[in-house]
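Next come two complexes, and both contain chain A; in the first it sits with chain B, in the second with chain C.
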Partner chain A sequence: MNFRLRAASVIAKRRIFESCLSPGFYIAQAVGLLLSYFLISGFVSSIDSSGFNYMLHPLYELIGRSLAGAFGATFLEKLFAEGPFQFVFYVSFVPVFLYLSFSTVFHFGLEKKVGAIELLAYGPVDGTSYFLAFYIKDVALTVLYQLLLVLFLSAAALLNNLFLGPAFLYVLVVIFFMALMLYTLSILASVLTDGGASAMALYIGIILLFLIVMMGSFTIASGYVRSFSSVLSWVINWVSPFFYWGLALSSVEAGNTLNYFLILLVMAALSGLFLFLSHLVIKIKGVRP
Partner chain B sequence: MKGLFILFFIFISIVPVVADVPVRQEQLIYSIMAFNGKDYSGTFCGENSDTIYLIADQDNFITARKTLVYYWPITGDWKTDTSALNYPFEGTLELTEKGRESRIINPERYTFYNIKGEYELNWEVATGDEAEKAWQHYQGLIEQYWQATSQYQQAKTTFDMMMNELAKKITEMRNSGIDVTELVEKLKALKSPEAPQPPDDYIVPPSPVQSAFILNLPRGEYNIRFIDGDDAVLEGSEKRVVVFEKRRADGIGFEVIPGDKWTRPVESKSPSSVLYVDGTTNLYLRPFFQDEFNDLFYQKMVKNDARGNPSLMNWVRIQQVPGARIELTGNNHTSEVLLEEPFYVEQTKGSALGYKIVPFDPEGVHKDRDPSLIAFRVPVNRERSLIKIKLLDKNGLNLASSSRQVRVIIKSRWQPLLFLLCLLPLLAMAVVRIIRSRKYSL
Partner chain C sequence: MIRTRGLVKKYGNFTAVDNLDLNIPSGEIYGFLGPNGAGKTSTILMILGIIRPTAGEVFLFEEKYTPDRLDMRNKIGVVPEKHPQGVWSWMTAFEYLQMFADLFDLKRVYKDTQARIDYLLQQVDLHSVRNKRIAEFSRGMLQKLSIIRALLHDPDILFLDEPISGLDPIGIKQIRDLILAENREGRTIFISSHLLSEMEKLCHRVAIIYKGKLLAEDNMSSLLAKLIKDREILIDLESLPPDLADSLKELPFVLDTTTRDNTLVIKVSKKGDFRKDLSSYLIKKNLVPLRIEEKALSLEEAFVTITNENIDMFTEIGGRE
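Showing the complex of A and B:
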């Protein structure tokens, strides 16, 4: 076990170093921060004497109309009740999250296909320590980006006299746990398939499925997506990171902080379960392409 | 041929003018008068809908009837045309709760009304003979009022005639050079009769006595069906009834009226919400109690064909907070207590359209008028970037979940710096690439 952890930590350090050398991570961060900048500027321009009015800014008009149409006016009202930062955080987190998880899926699949993992497995590294390294890399870089994002949003709040809001902290933590779950799912998709492309297809499929189910539950009733998703949701929700995200935030809204932390624990446990499943799969299937 | 062409031309001209009449369908509906937490709202559950939504532990009134239903595309609503067909069915309602035996509900005569009190919520429901009594009492009050009005009108006519006669007489005597002091004194002594006030016992008077099934149920899911006089189930009358309750009660919300847009108030309902404004005008606040309900259930209870979000809870305004005060804390941490004041809305002078809200002056310019607004005036300007408000009840105690922040947004001149911060990762990337290329270059 110690051997495996040591191998995982050595490979993870190498992976983090590689990520810091490649331009992709920086570009994803810059894209995320630029999205934040434009969304915050748009929000500031959407304020008049009566408060936030999304009709005042073309970008927010588009966002506001789309969100209100799909999820209802109550959803929109709650999303922007404390200010723009919940929404901004979600949007800005996506580029880095996608970059990290997709690169993990793609590299793992590619390295497995070309036999790189098999080669390493003859040495002190096994399949489990290899995917754990990817996981550690993703988690470390996510923490780094979240810190950068929080610093940037705090600066933006200070400059514009905005307020991060009490819900922001809860969102920050729950998004981190949601990312943990999704990273473990990316690893599971990688070990289940034999190549980068098939792993990517499976992973995107899983995310889309969870998203459809989540959007269905948030979509105003009588919409097509809702009726479709209601059939699937009762099974899928129990392993969906998006479901736990919604559940955690509704607990906070209802003032039930204990429930929020319990949900975080469940998310962490599910991440562990997915990692364990990945370990079992790689143990049975091996690391050969 | 020419005539045919003219006819064709007339037909083409007329077609766009003819209104598109919606298709009316004869349907069995449940007409619902549901208590929505603050009032009674009427809706109906037609053939397209399979569920009725009601608030728990409140009297709700349901009738089964045949009427015409049509879709009104302008508002996107389903409507009934009761003027053409409105046939109420006579029979009983069978109500079944999951896992329990069915019970039969018989129709009852009822009326509901809201009597005047300190709060707006003083709804009462009277059934059977009590309903008749309540209705008769109200009718009696109305009759008394009309009698008093009739007497007043007679007295007023007599008074006006006397006034006219005296005025005429005074004019004639004055023209003839006769002293009119005595008559002028008599004229001054005359008093106009006072107009009677309409009965103010009720905020909402009793509705005419009707017959309906009264559903007052605890939270849960039920099934209903209508049994007609022949003990047969009326086809299409099976519906699901979802009875829900509020998740939280007595939250505090604020109606926010900006000084320059008094016709467009906004509501601050989430307890943690922040009110961002541009600081160009003062705000007028009206606090209210609010209850929290499931968004979909509540919307569908008010209007059965409405849409709502089943995953969200929504605060619903219930009634004003009586005798409240607002504690206001500014940037310098000094606090002041605001009291509710009356205001009058005046149209701005000149060609520009707009309003301004001014303090109500009952003795001066606003004499004999009612205030347009009774609210708390929160002074906002660009120098006060942060205002914290807290609602106190009439005893000076802080009301839970009543704290809000008002923040004045001022675009900073440091915005370009923020933009440059976004490019920081790209700068870091360039630095790394340069270091790497130097390290590995010969």
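Showing the complex of A and C:
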């Protein structure tokens, strides 16, 4: 096996082992599953003879009003067209995703600062194999959690006489690819900066920027600013996981499965590009604190 | 085994390493000496590929070495000055070494990796604490653990940065014995230090670096001979006439004299053996020398550590041989 991949896989195994021993990972999972429990039971309570009515449950009333306000009523209708599971999946996925990516950013910065990466680099490990290990860990644990979530939601659907729906599968896959992109961005933020705090700030900044652009805040301004912001949004969208998530789901709605898979391919390619950029950055910057 | 050609490292306008040429053959213990800030660490980091040289090349095992040569790193063991235990403090010593054994794919070389780890732990008296968490280790224990980690994969070259710093006398002896034993097995050892006494006991050859430049490079005895400006001859007499010390100063090769009880301490020029002349002089004065001994100065006695203040002595040596 290639020396770099070998080193990455050895470190990744240890990282996965460490994460499995860490209470943080279980707390994030528990929060995710607890949220899904409340959302599913809330959804069941919001069903009357005419079907789902978010006004019937206080939690769903709050969620429904917020989502309709931010994205429009059509978005809300589509989101709950096949039941609660798409929405429940998004919400339950966030705590574990945030835990994994934040812990990567934090640990990478900390370990570089104390000289741990440098010590490993005296052996058959370089900066690239080190961040690849983080990436493998994040991907492996995401798959694990997604499987757990699917099992949990399937059981919940069975018990409540609901069904996951065909669109759920598409959401499941696109969210995984979106997470892949975001994990690579967390690594890029880590190698670009020189400490856990600055890396975290940069990473959160990137996510917020993508979210703001996705929600269209940049187009509120008028005139010159408006043209500038729309150009900026267009540029940012090309590397934004949220943009591709929206595109992929629109393709599914339009029944264009081929387009959906092409978008997944682009997302995978962009993940590869971010990893390659991280490789170049760490090669230039080195592994010294 | 280790060769550098025109190695330069600049940080802005500051030149940390200036056109350094080193050539260390296989099986040698090579001491790299210099005061703090002389360029020792920058040189080691460039050789190891951790930092990129501004100019010059590094050759290891007769091949050009670049940071991408991960295959070569399997043949190198490194003990850094500071051991970042914080990240792995939750591990036991054995778990920590097992992690590195996995990284180096030790199973390729040793069928029983556990036995290899245990053997090395026994060598430095750490076997009894193999299941103790690293967080509970003292600085000396960490240093020993770091040396074991560096030796784990049976490297051909061992780089040691201040290996005995922070160790107690027993620890120093254990590490010294371990270094010598590893060298006897054919390992090339590169030690960076400012502790001359240890370098004297360990190294076949030393290099002295100052302000990024190589001031001297030689074997220990030659370097010592150059460093010591004059020698001391001790002569025991039955009795010491009061004017003897002063009268000896008239001899052209005598630089200074002092007395201690019935012993004459005569400082002479290092060029030549003057024992015979001194003996004849004393006999002419009807004095019988009971003992004539030339005192051998160790490098440590010349000075304990290399600092920016005493580096001038090396500068006076006049550069590389």
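Following the convention adopted for this analysis, the second predicted complex is superposed on the first by the 273 of 289 C-alpha atoms of A that agree within 3 Å, B and C clash if a C-alpha of one lies under 4 Å from a C-alpha of the other, contacts with A are read in each partner's own complex, and residues count from 1 in each chain.
The rule is simple: a contact is a pair of C-beta atoms (placed from the backbone, for glycine too) under 8 Å apart; a residue touches a chain by one contact, two chains touch by 3 or more.
Not measured: the values here are computed from a predicted model.
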Superposition-derived comparison: chain B or chain C, residues of chain A touched: B
Touching partner for A:Val125 - first (chain B), second (chain C), both, neither: second
First, second, both or neither for A:Gly115, with chain B first and chain C second: second
Which superposed partner A:Ala155 touches (first chain B, second chain C, both, neither): first
Contacts of A:Gly272 with chain B and chain C, given as first, second, both or neither: neither
Which of chain B and chain C A:Pro58 touches, first, second, both or neither: neither
Which of chain B and chain C A:Thr74 touches, first, second, both or neither: first
Which superposed partner A:Gly205 touches (first chain B, second chain C, both, neither): neither
Footprint overlap on chain A, comparing chain B with chain C: none
Parts of chain A lying in touch with chain C, wherever the complex brings them together: 3-4, 6-7, 10-11, 14, 110-111, 114-116, 118-126, 129, 283, 286-288
Touching residues (chain side chain A, partner chain B) in the complex: 20-21, 23, 25-27, 29-30, 33-34, 36-37, 40-41, 44, 47-52, 71-72, 74-75, 77-78, 81-83, 148, 152, 155-156, 159-163, 165-167, 217-222, 246, 250, 253-254
Parts of chain B lying in touch with chain A, wherever the complex brings them together: 247-248, 256, 258-261, 264-266, 269-270, 272-278, 280-281, 295-296, 307-314, 385-386, 405, 407-412, 414-415, 417-419, 421-426, 428-429, 432-433, 436
Residues of chain C that touch chain A when the two form their complex: 45, 48, 50-52, 67-68, 70-71, 73-74, 76, 78, 80, 82-84, 86-88, 99-100, 102-105, 150, 153, 159
